[in-house]
Amino acid sequence: MKKSSAIILVAFMVLFTILAGCSPKVEETKTNTNTAASSDSGDSSSKEPFNIGLAISMSGGTALFGEGVKRGVDLAVKEFNDAGGYEGQNANLVLYDDEAKPEKSVEIVQKLISQDNIVALVGPANSGNAMAHIQFTQEAKIPEVVPVATGTQITQEFKDADKNYIFRVAPLDGVQVSAILKELIDKQGLTKLGVIHDTEGYGQGGREDIVKQMKENYNMEPTVISAFDPKELNLEPSIREMNNAGVEAVIFYGLAPQSAKLLEARFNEGLDAPIYATWATGDPTVLNLVGDLVKGDLFFVQSFTIDQNDVAKKFHEKVMDTYGEDVFPIATAQGYDSAKLILDAITKVGLDSEKIRDQIESFTDFEGVTAIKSEPFTKDNHEAFGIDEVFIATYNDDLQIVAAE
Amino acid sequence: MLQVQNLSVSYGQASALHKVSMEVNEGEIVAVIGPNGAGKTTLLKAITGLQKAKEGTILYKGNEISGTPAHKILGYGLSHVPQGRQVFGDQSVEDNLILGAFSIKKEKQKIQELIEREYERFPRLKERRSQHAGTLSGGEQQMLAVSRALMSDPDLVILDEPSMGLSPIFVKQIFDTLLELKKSGKTVMVVEQLAMAALAISDRAYVLQVGEVKLHGESRDLLRDNSLVKTYLGSK
Amino acid sequence: MIKAKWWIYQIGIPLVLLYAFPWFFNNAHTIHVAQTFLITYIVIVGLNLLVGLSNQLSLGHVGFYAIGAYASAILTMKVGLNFFASILISALIAAVFGAIVALLSLRAKGPYLAMVTIAFGELVSIIANRWVDVTGGPAGIKTSVPSLFGFELGPIQYMWFIGLLAIIFTAGATNIFRGRFGRTFTAFGNSEVASEVLGINVRKWKILAFSVSAFLAGVGGGLFAFQNQFISSTTFELNLSIMFLIAVIIGGSGTKIGPIIGTVVIIGLPQFLHNFVDYHLMIFGGILLIALILLPDGIVGALTKLSFFKKFSSKKVNTELGILHDDREATIDLPDGISGKLLELQNISMHFGGLKAIDDVEIEVLGGTVHGIIGPNGSGKSTTVNVLSGVYMPSGGNLLWKGKNITKYAPHGIAQEGITRTFQNLQLFEDMSVLQNVMVGFHRHFKTGFLKNLLYLGQVSNEERYYAQKAYDLLRIVGLEERAYEKASDLPYGEQRLVEIARGLALKPDLLILDEPAAGASPKEIEKIMDVIQRLKNAGLSIILVEHHMDIVMNICDYITVLDFGKKICEGTPETIQNDPRVIEAYLGGEEVNQLVAGTKFVG
Amino acid sequence: MELTDILKALINGLVYGSVYAIIAQGYYITFITTKTLNFGQGDFVMLGSLIGLSTFITITATGGSVWIAFIASLLLVIVILGICGWGLEQVAIRPLKSWHSIGWILSTVAVSMIVRNVAMLIWGRDVLMAPSPFGRAILDLGIMKIRYHDIFVLVSAVVIMLLLYVFLKKSLFGKALEAVAFNRDAASLMGINPRLMASIAFIIAGILAGVGGVLVGPMVHPGAFIGLFLGLKAFAVAIIGGIENPRGIFIGGLLLGVLENLFTLYSTSMKEAAAFFLILVILAVLPQGLFGKRVKEKF
């Protein structure tokens, strides 16, 4: 009948023996599994498909992004397989829902890496989720292309590493903010700017970028900042704050549903200043929700419009043919390009994840449907869209998105 | 009219009634008396379906009614005034009466007539018709409970300790009512602690003790029986 | 006594499993899921103590979880503490918040309690979301790789570390389960009022239960903060609280291995649903619903019905206590008799709204006597007992105990003074065995503290065995020793009343109030109860007896007070009372009523 | 801040508060009859608004007038949500009747998960536009502008409250329902079937959620995932008012709505936090809510 405290002490000693003495020789991640697939790819008679991962939110606040991206990726995979795959090996898309939660994202990304043996990953819609899991893709040496999340930090996290495995085909916050500030301050010479943002990662990240860039580049501060809960039903108080502060322009950082609420609130309350928003406001959801309230004094950053060129137009038609609707053209297009980057690289270099990464970084002849360049990335730049690939857009009288004058 | 045969009821492990048999004939007043915890209330609850019987049968007008859920019993013409009145305290006196007629679903006219009849029986209730039942005094609540039970025009009325917690003047009124009911042709079964009074107004009586029938017979005979006092106050 | 078996099951086998796990399931995902499982399990162990034992509801555990996570992240990253130290400190912070939530919700019940906890959880999650400078908001903050004494813990080592903590906490929780703390938690979860009259300060114990539970949630949160080296406020939402609760209930609340099963369900099941992207909510909800309908006692509850699993169930009675079954006469341990005035009720009134339940009642109870209180239904007997035991605060008048004014004492205070009672509507602790019920009665005599119980030191097991023996002796006195290990609620009514008496005796009371101890009992049981009361009387115990069975009252009481309509109508010895016309009137219906009735009806 | 701001906040508060109060009446009505409530009430609201909007759009698209469309959608929602309420009682409440504890919380949550998933499969993941029969028309009072729909919601809320009041206090069925709530056994002695009444209570709760959904639809952009938030708000309102007091719930709803919106004059982002803080304070002081009954337990 010895005291159980003694047992607990023993337990602790066991811990330390384990830690200090016989550390097991187990790998944290099975990075080698893919090499096997690629090494015998030449003489493989069994045409086992290889896996591409998609870890994105299919439920929760950013579910529509997930849906849009999924369709784009599906199309890219289908095209790839229809064209014969990689030496007869088809690509198989493995999709898991991250429920817009970072811990879930980590879980499914690890599952994709270690159980589904994916060769590459198309990443999340939420920046927080990306921040939570990119260390695992980086460590496992799995290239990840982020199709939607715009948090500036995502591609910067491993920029000093030997090889950065994280790429992005989406207009990052920093670039969008620069574009808006350039327009408002450099071009129009405004000084009293108000900010309205949501309290999700999206809005809060955007707010930080705005404040930082205004401070660093123009030595200015926003006149007034109004935050709102994305579940909030009524944005009139924010509009009133803007009016009371007498701002000359409003920068809006929020997703489509909130953009729609903002426009309704503007309609109800009246707003003296024009609204400048991010690319999310170009989401067709906004138009669906508020119709012609999008007209007039609403501007937003875009990297893709369905009629910006023939490729885009054709892609849009293909989406319409396949799904009967284009729920979120930009997300679908960016998702398509993200997957296409990976699949084109596979066509060129095979199924070795590291080689795929190197190929993505060194494309010179890439053809995407967004504004992506033929040489999208360099070693130091893992952003497909720079300030030159984005533009300020607005709605014309026919409720089509066009470049602003 | 009502026949209870070998009825046993238990709550979990505890036996409350043990093989109780009794009967009520049409047109009479039957009293069930006995000390607290004798199982009187349980007997009534078992008859009207509020309490499941373990064994035994209950026949009403020759039909087996054991196992019938409480809300259907009223449909047979059997009405139960529960112990402690249990009027709907949040609702007005008149609403309580209307609820008493819930099961008959007759036209408004008829219900209004029934209400008037009850107001005649207990003018007190008419005075307080719009008052919340919960604010009535104990005696008034008892009147209401009796009236409410009579709203469905039952053939047999079962009352559970109508005198409980009432001052004598109200007790008299309630007992008078029972006699009136008998006169108007109804059958009455009443559980009472006021043994003497109950014996005084009833035709026959059953004495219950610890879940069993100890004595039964003509009330006038029981009144003269000295052993009854002992059942109550014990013997040293 | 800690038998070899005990630590083999509790510590040995889990340790081996834990150590072996990564050798068999060696990939990052499984390790990650195992970590998540263990972290969640720790939280569930805590919530199970709260929900399962003390019957409190929390839909705000995510708040404690978040506090643990953020506090430890901040302490590590900004203050520079070792991660383990910071987890412990932040768990303590979470425990403090647990106490605060308990204080806020002391009087709230049912949906109101649910709302208090929801509001707390939401408040924390909003603060985590908005206080970006500190928490990083939804964009999150990075934490470091956990390290101990210079060793960086890789995923496997970290899993081992969490697993060790989980085993330690499980052992602690098990110790709490089987000791007096678990018993007390269960007691007030079963019946607050009965716990109070046995001297348990329910208020303090609720705070303790919430704190312990919050502490474990805080530990879980702290461990979570270093799992991915990243936390973001989007994790900490109401849904997670609901998941925690699902785990507790579906596993089988209040059982020892329920948390393991419950955690398997909420962490394991979704692993199989990853592939059903469009349907996973529906499948999860469907399985949950079916499980609730088919297994109303949770999975463990259902399994315990199969005898094979019975030995794992906590509801089973602990037979490790080694009680002596000797033939010596069991003696009652009672305080020295006091003669003279023990208790005085001076002009006590109790009004509910306009109703005067008791009005200006004066009673004197003498030491060493059995004082009966009788009266018809509604005469105020129950109210008197409730006032005497502190359950009601009287509207007027004073209560003097050995000359000391105890009018404003809470029930547990009155119990500490040496007054306890039984209940007319039985208030047994239904989830416990008969023996454990009685052992709760010894509450005020136990000396060991929380930490000692957590470790279940030798002192604790000695104390447990000592009082188990005494409880057993008390059961012999009431003749229930054969029933000692049965579930209290399985006993017949009359025997349950005897259990309540034995439980009251365990307090070693100066005054025992018996509220209708014979109600609902069978004649045989009544004889038994009478015999017990008689023996207690002979042993010199002071008793207040409220009873309808006149056999008992007249035979046992030394002195009787009769109440009617809330007033004292007379008092005296049994003979006086039996011949007092006022009593006959109150009980049998007096002349007046008879005359009134007789006026309309002619009897023989 | 100006007077019009305060006035506007007040009106906004009344409008939103009254919607919450209507939804919360559903909690009241099932709680008094069965001591349970639907933790997924918010998802029923969501379902109501989505069904309402689909009906509305279908009818207006085929040329029906807005008011016919509105009334038709209201009727359809009442029928479907009534059935949902009945079904909920059948699958998630009645089988758990023997539970004294909290199983029903989880079973209703489970049903809400299924409802949410079904809604997602039917209406997609996006939020949708629910048109008001008034379109976007605004009443310009000079000092401030109010949407006609807001006025309509406020008026409807009062009307619904009155209807509910009349139903509970004046109709035989309502009286029977209250009787069951007050004393189950006594009610069954009156020939009232308590089980039937429990079903009816859940049907009414479903209908209230549905009607609340139709009213709130044009204000929120309904979508499959909005339920939890609305349900939580309504639950908070029910608790603040005292869940067993329908008038308390109505006042509690208006109060919470107004206080919340007044708080936006100070900070728009911390409005929710303020609301929950307020709830904590209220419940710490008044554990039965503002207008709840305080009962003395008897032992």
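Order of writing sets the chain letters: A, B, C and D. Residues in each chain are counted from 1.
Everything that follows uses one rule, which is that a contact is a pair of C-beta atoms (placed from the backbone, for glycine too) under 8 Å apart; a residue touches a chain by one contact, two chains touch by 3 or more.
Quick caveat: nothing in here was measured; it's all calculated off a predicted structure.
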Of all other chains, the one whose Cα centre sits farthest from subunit C: A
Chain centre separation in whole Å, for subunit D relative to subunit C (CA means): 35
Distance between chain centroids, defined by C-alpha means - subunit B, subunit D (Å): 42
Inter-chain centre distance, subunit A versus subunit C - centres from mean C-alpha coordinates, in Å: 51
Multi-chain contact residues (two or more partners), subunit B: none
Shared interface positions of subunit A, touching two or more other chains: 58-59, 199, 227
Touching two or more other chains - residues of subunit C: 130, 278, 280-281
Inter-chain touch pairs (all): A-C, A-D, B-C, B-D, C-D
Subunit A residues touching subunit D - in the complex, by the definition given at the top: 58-61, 63-64, 66-67, 199, 226-229, 231-234, 236-238, 240-241, 244, 257, 260-261, 264, 267-270, 285, 288-291, 293, 327
Footprint of subunit B on subunit C - complex, ascending: 376-378, 489-494, 516, 518-523, 526, 548-555, 565, 574-575, 578, 584, 587-590, 592-594, 596-598, 600-601, 603-604
Residues of subunit D that touch subunit B when the two form their complex: 172, 175-176, 178-179, 182-183, 185-194
Residues of subunit D that touch subunit A when the two form their complex: 1-2, 5, 8-9, 12, 16, 120, 124-129, 136, 138, 145, 147, 216, 219-221, 223, 225-226, 229, 261, 264-265, 268-269, 271-272
In the complex with subunit D, residue positions of subunit B that touch it: 48-50, 69-75, 79-80, 82, 86-91, 95, 98-100, 102-103, 148-149, 152
